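To start, the structure under review is shown below, and the notes come after it.
Think of it as A, B, C and D in the order they're written, each chain with its own count starting at 1.
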Amino acid sequence: MINIALLGAGRIGQMHAKIISDTANSKLSYVFDVYQPAAEKVAEQYNAIVADDVEVILSDERVDAVLIATSTDTHVDLIIKAAKAGKAILCEKPIDLSTERVQQCWQEIESCNVPIQIGFNRRFDPTHANLQQQLAEGAIGNLQQLIITSRDPDIAPTEYLRHSGGIFRDMIIHDFDMLRFITGEEALEIHAIGNTLIDPGLAEFNDVDSVMITIKTQSGRLCHINGSRRCVYGYDQRIEAFGGEGMLQSTNPLPHNVVKSTAADTASQSVLNPFFIERYQSAYQAQFASFINALISGAAPSPSFEDGLEAQKMADAAQLSLQTGKTVSL
Amino acid sequence: MINIALLGAGRIGQMHAKIISDTANSKLSYVFDVYQPAAEKVAEQYNAIVADDVEVILSDERVDAVLIATSTDTHVDLIIKAAKAGKAILCEKPIDLSTERVQQCWQEIESCNVPIQIGFNRRFDPTHANLQQQLAEGAIGNLQQLIITSRDPDIAPTEYLRHSGGIFRDMIIHDFDMLRFITGEEALEIHAIGNTLIDPGLAEFNDVDSVMITIKTQSGRLCHINGSRRCVYGYDQRIEAFGGEGMLQSTNPLPHNVVKSTAADTASQSVLNPFFIERYQSAYQAQFASFINALISGAAPSPSFEDGLEAQKMADAAQLSLQTGKTVSL
Amino acid sequence: MINIALLGAGRIGQMHAKIISDTANSKLSYVFDVYQPAAEKVAEQYNAIVADDVEVILSDERVDAVLIATSTDTHVDLIIKAAKAGKAILCEKPIDLSTERVQQCWQEIESCNVPIQIGFNRRFDPTHANLQQQLAEGAIGNLQQLIITSRDPDIAPTEYLRHSGGIFRDMIIHDFDMLRFITGEEALEIHAIGNTLIDPGLAEFNDVDSVMITIKTQSGRLCHINGSRRCVYGYDQRIEAFGGEGMLQSTNPLPHNVVKSTAADTASQSVLNPFFIERYQSAYQAQFASFINALISGAAPSPSFEDGLEAQKMADAAQLSLQTGKTVSL
Amino acid sequence: MINIALLGAGRIGQMHAKIISDTANSKLSYVFDVYQPAAEKVAEQYNAIVADDVEVILSDERVDAVLIATSTDTHVDLIIKAAKAGKAILCEKPIDLSTERVQQCWQEIESCNVPIQIGFNRRFDPTHANLQQQLAEGAIGNLQQLIITSRDPDIAPTEYLRHSGGIFRDMIIHDFDMLRFITGEEALEIHAIGNTLIDPGLAEFNDVDSVMITIKTQSGRLCHINGSRRCVYGYDQRIEAFGGEGMLQSTNPLPHNVVKSTAADTASQSVLNPFFIERYQSAYQAQFASFINALISGAAPSPSFEDGLEAQKMADAAQLSLQTGKTVSL
């Protein structure tokens, strides 16, 4: 049995608490949150202990691993402390908004040699994962072009976005990781355009809500990501891989499968999932099971800290391209 | 060049005139209609001659074939006359509402040995025909169950239906033919239920507008036909063949392929084709080309007169089952 | 907290144990199985007590309800005992293979007034349930025709089927319940045909593996069920409701949503779910949550014992029609 | 009746000859081709006259219009001659590979005031046209992002492509026109990347076979085009328009609609249309009917000469971006 301490008991932390509790060979032992009533509520539900501070958790030898689901600005600090205490780590993305700080973090923890996994949950989505696997098995020959569609259901308030690090670091970072996961290689050049087609207020702090990114990989493949902060028909997450012998498309699952035909049209009677917690529920479960399995087997967890760092660098390059209008080489 | 005389210049006759004119190796030479202005209009459009009566056509040696698209009650008479004049015949379905009369017709014309084809156009629909071909090639192993869906867009006026011969002889006869075409065998037993769920006025003359038919074939396959006189979302014509190694479905084509996703749903933005002339346009073209090719090559045209007769017998059996509530053996 | 005793720890019992444990306000307290090691394994996993015999469970006042997942021939006995002990009951379908015995059971327990629910789980499937709800809300006007497709992935061994009660009582009973659930009314007439197209050995004990059933409801609607014991492409469970203003179709969900286009074709890269435990997982969860909610709120659980009885009567009628070739009135 | 002279009797000219002949109010009067036997074959089929040279056609007063389907390098010359002879013109795209020459052409013919239409047939495709119309009617609110997928079934021989003008002027020009047609505005900035992922031999003359283009329009919308010279699953032509209130997708039509389910998967049993003549058959018909209607009504034909010029400028900009790696402003 792997004992897990959950750091952060907000919306996503609550989801993780249930997953920790439902997963075989895993037990929720501690919950910590700066807002203690939130921690108490979760702890009670799953018979865990509320920790007054993180030190209590890190000094308890029975704790095997921490799941970090706190606010982004606290991630690096908690990773360093947990690594030094010898705990395994599953940390929500992004590691930090500053790539420099992510690199410093790595220097501090590398020698600790603790297992560490970054929460790029989409790699575990049954449909995306199947596409990646088929591609790797040669189902469509050599990959030539990749198109990722990434549209959030609705935009956050302007004031929240002001501190989000920008659309590339906050949202599209998932798609940069997906591109690395599917192509199995690094970006060579990145070009990005964007605009405030949804919330003009973002212009004040040089952010945008609609983007199109073109990426050439090191081996010369052509990739495209399109992203939008608002999509009225739901959380639209698709991948299209085009190769020498065919095409693979990862399409959106639907909550139910009723089709209605009337004099007007024939309609799939189900809108897309509202957001990531519903859409990627099974991905979050599989992600955590993968973490537990790595800890039990002694394998290195994946995606790794380095995966988190590389996606970050792509976000930085896209941001630079957006601001300068130029293609950025990596 | 095959010279065709068109008998009947109503809606379906006009469609045939254009097809005759567009088809390679075929020429529209005469048009006849009891309502002469209709014949004149069509004749003018395609540079054909208006015939005052059918005898003019049948005595003209240059005429190779007649296409009979007149009202059903005139079919037998015209078939007999044309056969005796040595003309090839393409006759719209049904041959006649009375199976006895169809059989008498056959006795009269059998010795004439003229090529004769019955207008079961659906056999030539690209999608239905592909299903039949794949099935014949063993794509799903041995056929076990067959389901045919047959829904007209809207019901005709009660007074028209009073003289239609009933839903089985007038409408479902196409589906009986389709069943024979796809299974390649004859019905052993037929059971039918029906009701007036659309037009209660049909009850007065023992007709119905909604039917479900179950048929066991001679080799023991199970078949189902469901039919409706009104379908608000268009002309719904589907076939599902279920076999030991899979399933083939012939689904409805759409006039265009735009898909719209909104906050409400994701909809195929195209309703089905309004009715048979639009839906089966390419089937009518292929049917006529097949007739011309048979005449040129000397092959027997198909579907044959006997095919027309056998579908008729199934319609009679279904009608009897509907009235008695019993399973009817053939 | 509702304390549940699980009777039967086979494959479906194990599934129920996990659901009992995962559902809010529910606790697995006892497990019983005639093969005690099976009970022990489940009990250990969920911290429940193994009961040596059923009496221990029924005499423990802390037990609120029993979930009966034993073999069919023990259901009636266990229902009567549990009802007399004042326990609420959730019983897997069918209640018993003999309708007479089901009726006797009812006479014995009616006065006990315990909440009792029959395991027609499909009513809780998100897609089927949405179809039923939309229909009830008038989405397609008045229902005219209903078509249910019910195909199991693979046939059980002949020796197992010899004692199954026949395809109608063992398998199609779910579809009879679905018909009642969706139409909201009872059958007036039933007609069935069948054949041994998959396992000829069934003929020895008058069973079949392929069936087509036609049903007219009391208000005159037309319904069709087609069933097969083997379907190579997976567990095929669809419903099509046709009404005066449109059509609703409940289609099969897929385990993942990758589409592959190659020179051969464009394919949904996911076969259907292998069988009921995978396909109806969320239905089983919702079914149990509904049972718990009924116990807490004091509402009558649904589907009821009577629902179980009525579906049984339809199975008997279908069996009689199959044997006699006649339409059976109910 | 509009009398049409066809210039060019190659593969596409033969297609146009049939359309001219089938279209109401239109008559094929002359056929010209530098290879006279080709002209003779077409002329015979449609009862037209073979012209020894173009002058014969242009000096015949009965000729109302010319349809130019000759090789690209002859277009400008023929346009100028026809315009000066007062003939209406329908010219295949592109007008010329040199934008400068297109502009010179316009200076020569502007004062002739003859109706002139450029063969951007895709604007007349039922599905693309429906998307454009719905968008114009506000079906998805304000357009924010546009994605065009353009994949040819197979690459032409290297030697042919050497003289094609490059992928942007030869192939993607259709997509540039589509972008202008759908957005209703001009490009502001173009960025293109490409590679030789299919035929490395193209590198010799600085051409590519795989491209991704990003375009910002004057109002700030974000557009993406992806193109490939080889697509094994057929001629893949899709459009996705994303707006504030939803998404419209123009998907590929299929030659037939059979779906096959087996133990492996569920497949649309129809590959895409092989190439443009099959896929855009109805678009070519509608394009020509639109030209004839414009001539009869006196309206200006559309798409216009200017539309041809603007798409050309976009192709030049994309070529420049590909070569320099920079974003090109228009």
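Convention: a residue touches a chain if its C-beta (ideal position, glycine included) is under 8 Å from a C-beta of that chain, and two chains touch if they have at least 3 such contacts.
In this text the structure is predicted, and so the values were computed from the model without any measurement.
S.K.: Fewest touch steps from chain B to chain C?
M.R.: 1
S.K.: Taking each chain's centre as the mean of its C-alpha atoms, give the chain farthest from chain D.
M.R.: C
S.K.: Any idea how many Å lie between the Cα centroids of chain A and chain B?
M.R.: The computed centroid separation for chain A versus chain B comes out at 58 Å.
S.K.: Can you give the whole-Å distance between the Cα centres of chain A and chain D?
M.R.: So the centre of chain A lies 42 Å away from the centre of chain D.
S.K.: Roughly how far is chain B from chain D, centre to centre by C-alpha average, rounded to an integer in Å?
M.R.: 40
S.K.: Could you pull out the residues of chain C that touch at least 2 other chains?
M.R.: 232-233, 236, 245-247, 260-263, 269-270
S.K.: Across the complex, what residues on chain D touch chain A?
M.R.: Chain D residues touching chain A: 142, 144-145, 147, 151, 189, 191, 193-195, 197-198, 210-212, 214, 216, 220-224, 226, 228, 230-233, 236, 242, 244-247, 325-327.
S.K.: Help me check something: in the complex, which residues belonging to chain D touch chain B?
M.R.: 22, 126-127, 130-131, 134, 139-140, 245-253, 255-263, 269-270
S.K.: Given the complex with chain C, which residues does chain D contribute to the contact?
M.R.: 232-233, 236, 260-271
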